[in-house]
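A short worksheet on the structure shown next.
Each chain gets a letter, A, B, C and D, in the order it is written, and its residues are counted from 1.
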Amino acid sequence: MKYSHEKLMEEKVFKDPVHRYIHVRDRVIWDLIGTKEFQRLRRIKQLGTTYLTFHGAEHSRFNHSLGVYEIVRRIVDDVFVNRQEWKQEERLLSLCAALLHDLGHGPFSHSFEKVFNLDHEQFTQQIILGDTEVNAVLKKVAEDFPKKVAEVIAKTYANKLVVSLISSQIDADRMDYLQRDAYFTGVSYGHFDMERILRVMRPREEQVVIKQSGMHAVEDYIMSRYQMYWQVYFHPVTRSAEVILTKILHRAKYLSESGYTFAQEPVHFYSMFNGHVTLADYLKMDEAVMLYYFQCWENEEDAILKDLCSRFANRRLFKYVEFHPSNEQMNKLMELNTLFKKAGIDPEYYLVVDSSSDLPYDFYRPGEEEERLPIHLLKNNGEIRELSRESQIVDAISGKRRTDHKLYFPEDLLRDESTKKIVKRQIRRLLDLPE
Amino acid sequence: MKYSHEKLMEEKVFKDPVHRYIHVRDRVIWDLIGTKEFQRLRRIKQLGTTYLTFHGAEHSRFNHSLGVYEIVRRIVDDVFVNRQEWKQEERLLSLCAALLHDLGHGPFSHSFEKVFNLDHEQFTQQIILGDTEVNAVLKKVAEDFPKKVAEVIAKTYANKLVVSLISSQIDADRMDYLQRDAYFTGVSYGHFDMERILRVMRPREEQVVIKQSGMHAVEDYIMSRYQMYWQVYFHPVTRSAEVILTKILHRAKYLSESGYTFAQEPVHFYSMFNGHVTLADYLKMDEAVMLYYFQCWENEEDAILKDLCSRFANRRLFKYVEFHPSNEQMNKLMELNTLFKKAGIDPEYYLVVDSSSDLPYDFYRPGEEEERLPIHLLKNNGEIRELSRESQIVDAISGKRRTDHKLYFPEDLLRDESTKKIVKRQIRRLLDLPE
Amino acid sequence: MKYSHEKLMEEKVFKDPVHRYIHVRDRVIWDLIGTKEFQRLRRIKQLGTTYLTFHGAEHSRFNHSLGVYEIVRRIVDDVFVNRQEWKQEERLLSLCAALLHDLGHGPFSHSFEKVFNLDHEQFTQQIILGDTEVNAVLKKVAEDFPKKVAEVIAKTYANKLVVSLISSQIDADRMDYLQRDAYFTGVSYGHFDMERILRVMRPREEQVVIKQSGMHAVEDYIMSRYQMYWQVYFHPVTRSAEVILTKILHRAKYLSESGYTFAQEPVHFYSMFNGHVTLADYLKMDEAVMLYYFQCWENEEDAILKDLCSRFANRRLFKYVEFHPSNEQMNKLMELNTLFKKAGIDPEYYLVVDSSSDLPYDFYRPGEEEERLPIHLLKNNGEIRELSRESQIVDAISGKRRTDHKLYFPEDLLRDESTKKIVKRQIRRLLDLPE
Amino acid sequence: MKYSHEKLMEEKVFKDPVHRYIHVRDRVIWDLIGTKEFQRLRRIKQLGTTYLTFHGAEHSRFNHSLGVYEIVRRIVDDVFVNRQEWKQEERLLSLCAALLHDLGHGPFSHSFEKVFNLDHEQFTQQIILGDTEVNAVLKKVAEDFPKKVAEVIAKTYANKLVVSLISSQIDADRMDYLQRDAYFTGVSYGHFDMERILRVMRPREEQVVIKQSGMHAVEDYIMSRYQMYWQVYFHPVTRSAEVILTKILHRAKYLSESGYTFAQEPVHFYSMFNGHVTLADYLKMDEAVMLYYFQCWENEEDAILKDLCSRFANRRLFKYVEFHPSNEQMNKLMELNTLFKKAGIDPEYYLVVDSSSDLPYDFYRPGEEEERLPIHLLKNNGEIRELSRESQIVDAISGKRRTDHKLYFPEDLLRDESTKKIVKRQIRRLLDLPE
């Protein structure tokens, strides 16, 4: 039998707390899950440092990837199958792209990419197309199959319907992570009627559309997403941990470039520091490795690296105040900068502005930052209309970006009056900290 | 104000997926959570290798410890408070013991302890009594407070009622882990009406008792526990991962003792290998460190260490067959041992019998292995009766130990017919593997 | 002991699917639940005819009333107690008002009140103040206690804080029914984090306010409410059943006034027909009685009454089309009216426009229809701000009334071409019904 | 197209709180749901008087019937389809039998049948085979189709596999009611992993079997059932309401037979009283009708009927004490009987022994009361074994009948010392009531 059509003797079933069960019948999917590049996702948390705020959020990207696969499987096998707008030969491609879409994520992805100027999407492409176990499995399907999978994930694949299954404003990716992250954090947001949404999805040439009768379920989904962003993903305590993490990586890189002699040499990091990261280097990086180094670095001589690593490991995070980038506040920030230096606290590492920004939903504006496809409704008369034209609630919030800035600093150092008492008091007054 | 009575200005609340919220008002508890020994529990999974079977089971012992604390807090603050049999001065002691009862667990605790002959309970005692942040916080309450906390956890504390809150056949520890492990694995077992059980708990001199009216909820709890043991904790795939892990540690120790030169020196392991483990050594050990070494060891020269580490990281586990320790089967095992050697597969590492055994519930039999206190019911007339004398269901299963043996081996190696084809076929026939 | 302070020997606990348990310790509350006026609420469904759309919605107002009581109990006993802005002497009053607030509802309340021009709020007042078991219990607390309870429910009580617990835009009434109705219908809307909202409620002179930190939970609550209105409460199939019910009552009244001789005399209805309803008459009316008559009336001679009763009992409802009250559509409606008469289908009973309208949230506009108090947030600096000024989402939907009109008719009669074939075809064409 | 194969243009979906959605694609099923005999089930509660103990238990048999249908639909469409042991032509038969299996239930079925010596199973047969809307729909499928459906429900159908879907010790009936009754009462028992059980069901000639791998899920189901029986179905407060209901019907019958003149003539009951119940009479009986009479009878002259009806409507139930049918207790009962008469409280209506008894699970014992088929496991080697031979837990409870007797009486009357003070005190002493 052709490998692409090969079925397992007995269906494999994963117990999943979010979707109850994840079903695998295709030999290709089973083999992909068994590759070492996919198993590596077990060692990368789905929500990075969020577990320091919501202790339940310790779930990995492995979990999420299976979940996205399962949602796409249900769409194509239970809803699209036998519909003329759906080409059954895109089925396996869709499943593989869903399973592998996050394959290139690094440890604590957000900070990691920012500091080392890496892009997980590029690494996803490399893993799929390079000399890997994943590539070997995909190639057994067809010579050009890895390329197709990579294109779907890169959104360049010709059949936009397939692309839209995993990247639009209501795709399997988002539907899985909202529910999964809500489940593991335990927050009461993040719930919406996915079963209903799946049942009213219809394949159209350019994208998945949603039958009008499912509009309210979609409204609910959009509100869930909005709440999850501000309640979970942008939680200020998580951002504090993220700030510290970023500064650890910055410091290590700086020290390495300055010729500092590490007690624990950052072997795994050298290629990240010098900017020539091979796929093999990248794949060795996971959160266990990163935490191993942080533990070792708690004993380094460099006071800043040592302190930041200890803060991260032991959750001694920075505090924050609201910050609005007005002239007045920018002046205050510069003043604080000077005072921090006077107090012997390096502001480059200890005085950080962090911003978060989200667009709850948007209609399509080509060329703009958020280019994910908007949601389209299929009316009873066959007409297709963009969601915000039909939903009063969605229209009300559509295109309204919300941004939030905070200023982070180590309050404990500022409270320690054994040294620099006067300047620290000045700082505290400027930051409106209680006496 | 006395430190032991100090309350936080504003109650701290942790979002918890199992108990919804975990409430902290006591300064002592807040300070304990912030110690580095307690934060270390974030880097140790509650269920060790179970995540390789149930992918959701990635939660840490940090999670569980907060949960046990919260259950005891609800018992003492909502149920026991103002009852004459309860001494309010034991409140803080109970909370601290609940929070800290698992403090000494090592990474992948089960295998780790077995191979290195360590005992996490001893390390719990050392952390509480030794030179640690935890000890410093406890000592601020009273000079003898660390000792008391240690005694409660060691079950030697005079007030057995306090001890029974965290160690009996229905204690806060078990009630938390059953629910929590069910939640994160996603299995449908593990649910019982804890709220009901808490409401009918009553303090008595020697232990917590349960009002007769809660008997059915307790029966349900016992059945949940039974199911969780056989469905989750003793799952044969988890045991396979555990077998491999054990063998990795054995091999590394053996190599070290044999003078093998490691490419990645097992610095963190030396004291475990030589049996003189200081508290500082122990506390450095967490799962990130362990996984770091396993990754490095995938590149060692030693073929066995390398293979086992790769199996663990990439989830290429051993398969198993049922095994009953009869004469006949023991003979077969010896035969297999010989054949494995012939096939060039070292049976010491690749042919392993693993046994699991559980007692669903037991009345008290002093001196026997399972010494946890049995459950006592408080009848309406004030009489106290051991559970199995009242519950037909519990009586039916009481004291009935169930044991299960399995034989683990690497099926993939036995299938590889590039070498030793004939002997491998013999082995496969003996193991009843399909052709 | 004073009756108002009397506690039950043992707390009574009701198992409740929504709040898990409902706790009663006060003798007064226990006695009120045991009155026959309160037990009567078991024979009145919370959602009237909704069970014909959502089959799970068979729960009674008895359920909901206990739920509202429990929420207020949690607010006053767990959150407000010991706060200086809260007067403990208002506790029992608040609990009684919560429990009794819906006492005067009639069977299938909405239609019943409309047709007979009755007001359930007036009957609630009469039951509390009149010669009833409820009044007798309340009077045992204090001579003026029934009056106080009645005032809280009528919103005329001086202490507006107490009033706001059961009538504001975020009161115990709404919080219970949203969750309860979601639970019994099984829809996925209606969930919000009530536990969080309760914890951040604070008593202020004029009303309950919500701490700023709970704003997102409140946003979620408002969105839930919006979804429940349009997905459940205004569901067009439910409205169809409501239309038929209304027409049954209209017809029975009309027949009675026209001197028609009923086979089953509408004894229980006489006072409703003639407009002089005593409290005793009213209390005899429940849904069992109403359904009994409907069953009997299926055998009346009057074809319209007979048909409508049979439709209701056997769920042969009217179909509907969208209807916008434009000039054009009004003309069409008049045309349909004429054609229905020609077809021998009395349009007074068989051609009905029904409208629904809701305001998702509103700031306060005195004198306007929806006078429920808006929601106020308590900021960290002690300032109080109306919700829509702080929440972008709520501001976006605030004050935006949504209205929906539908035209109902018996499609089956129009399809029956055994008579009046031509005119029925005309009607169907006008209504855009498929051939 | 043949009616039996006709599909709805658009699948109909019912929102169900237990199974999330109930799916109907077959025209036959849709038409059956629309019959008046099926709609009548909306007016009969699934759990009779249980709502007086668990206020949430107000759900109807309509709900449950849809649920059983849905479970069978999932078994045959998702699990059995395409298996050779399954004959696809039995599909519609199975679905219809599942939907209609409870069609003949009367109001408050248990007491109603007992007093009037009726059998709901006989009426189910009559409705299916007689001159009804249900029969008309079934006959459109095939002339002998009603007979087949009736046979499946009567367990006389030749294909025992089909029978076992709705009547065995693990059938769709039980799986639905356990979950549904748990959901509506809100108890935490009644949960088990139905999805898992469905997935491991396999069709065999004589019955459904369960793959060995699902054994633990089945154990959990059996324990759930056990708990639901003793916690919910046999709850002593529910049995008290049942006792009163039975006595009302007895009294009304007795009065009617004695020539008593009713103010409200029991028209609907005449045929029940005289034992010649036609199908039409029976179908008119529902709980609305029954409650209507009870309300009227609260104003009858007969003191006993009046009192019992008022007790039922207003939940003034009997209290109970444990009762063991020993010689000693039987003597006590006779003594009480005499004393009740002396006290002017008719023991025939006011002193009642009620017994409950359940067998948690049983292997097959032909000819005995509980003849439902036992559960069989399908082992990996193809062997089929009765459950209790494989499961230690099930073996422990198998065949162990548990029985419970209680003695019910009106404590309020015994406390009223305005008359017969001395004899009432004697009674209270005999019953061990607190002074």
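Observations
The rule we apply is simple: a residue touches a chain if its C-beta (ideal position, glycine included) is under 8 Å from a C-beta of that chain, and two chains touch if they have at least 3 such contacts.
Protein identities per chain, from UniProt: A, B, C, D = HD domain-containing protein.
Remember, predicted model here, so these are calculated numbers, not experimental data.
Common neighbours of subunit A and subunit B, listed by label, are C, D. Ranked by distance of CA centroids from subunit D, the top chain is A.
Work out the mean CA point of subunit C and of subunit D, and you get 32 Å between them.
One inter-chain figure worth recording: subunit A and subunit C are separated by 44 Å, centre to centre, where each centre is the mean of the chain's CA atoms.
Centre to centre, using the average C-alpha position, subunit A and subunit D are separated by 52 Å. Touching of two or more other chains is recorded for residues 20, 187 of subunit C. The part of subunit C that touches subunit A in the complex is made up of residues 187-189, 191-193, 196, 216-217, 219-220, 223, 226-227, 230-231, 360, 392-393, 396-397, 400, 402.
Residues of subunit A that touch subunit B in their complex: 14-18, 20, 34-36, 39, 42-43, 51, 54-56, 58-60, 62-63, 66, 183-187, 284, 286-292, 295, 310, 313-316.
Of all residues in subunit C, only 13, 20-21, 195, 199 touch subunit B in the complex they form.
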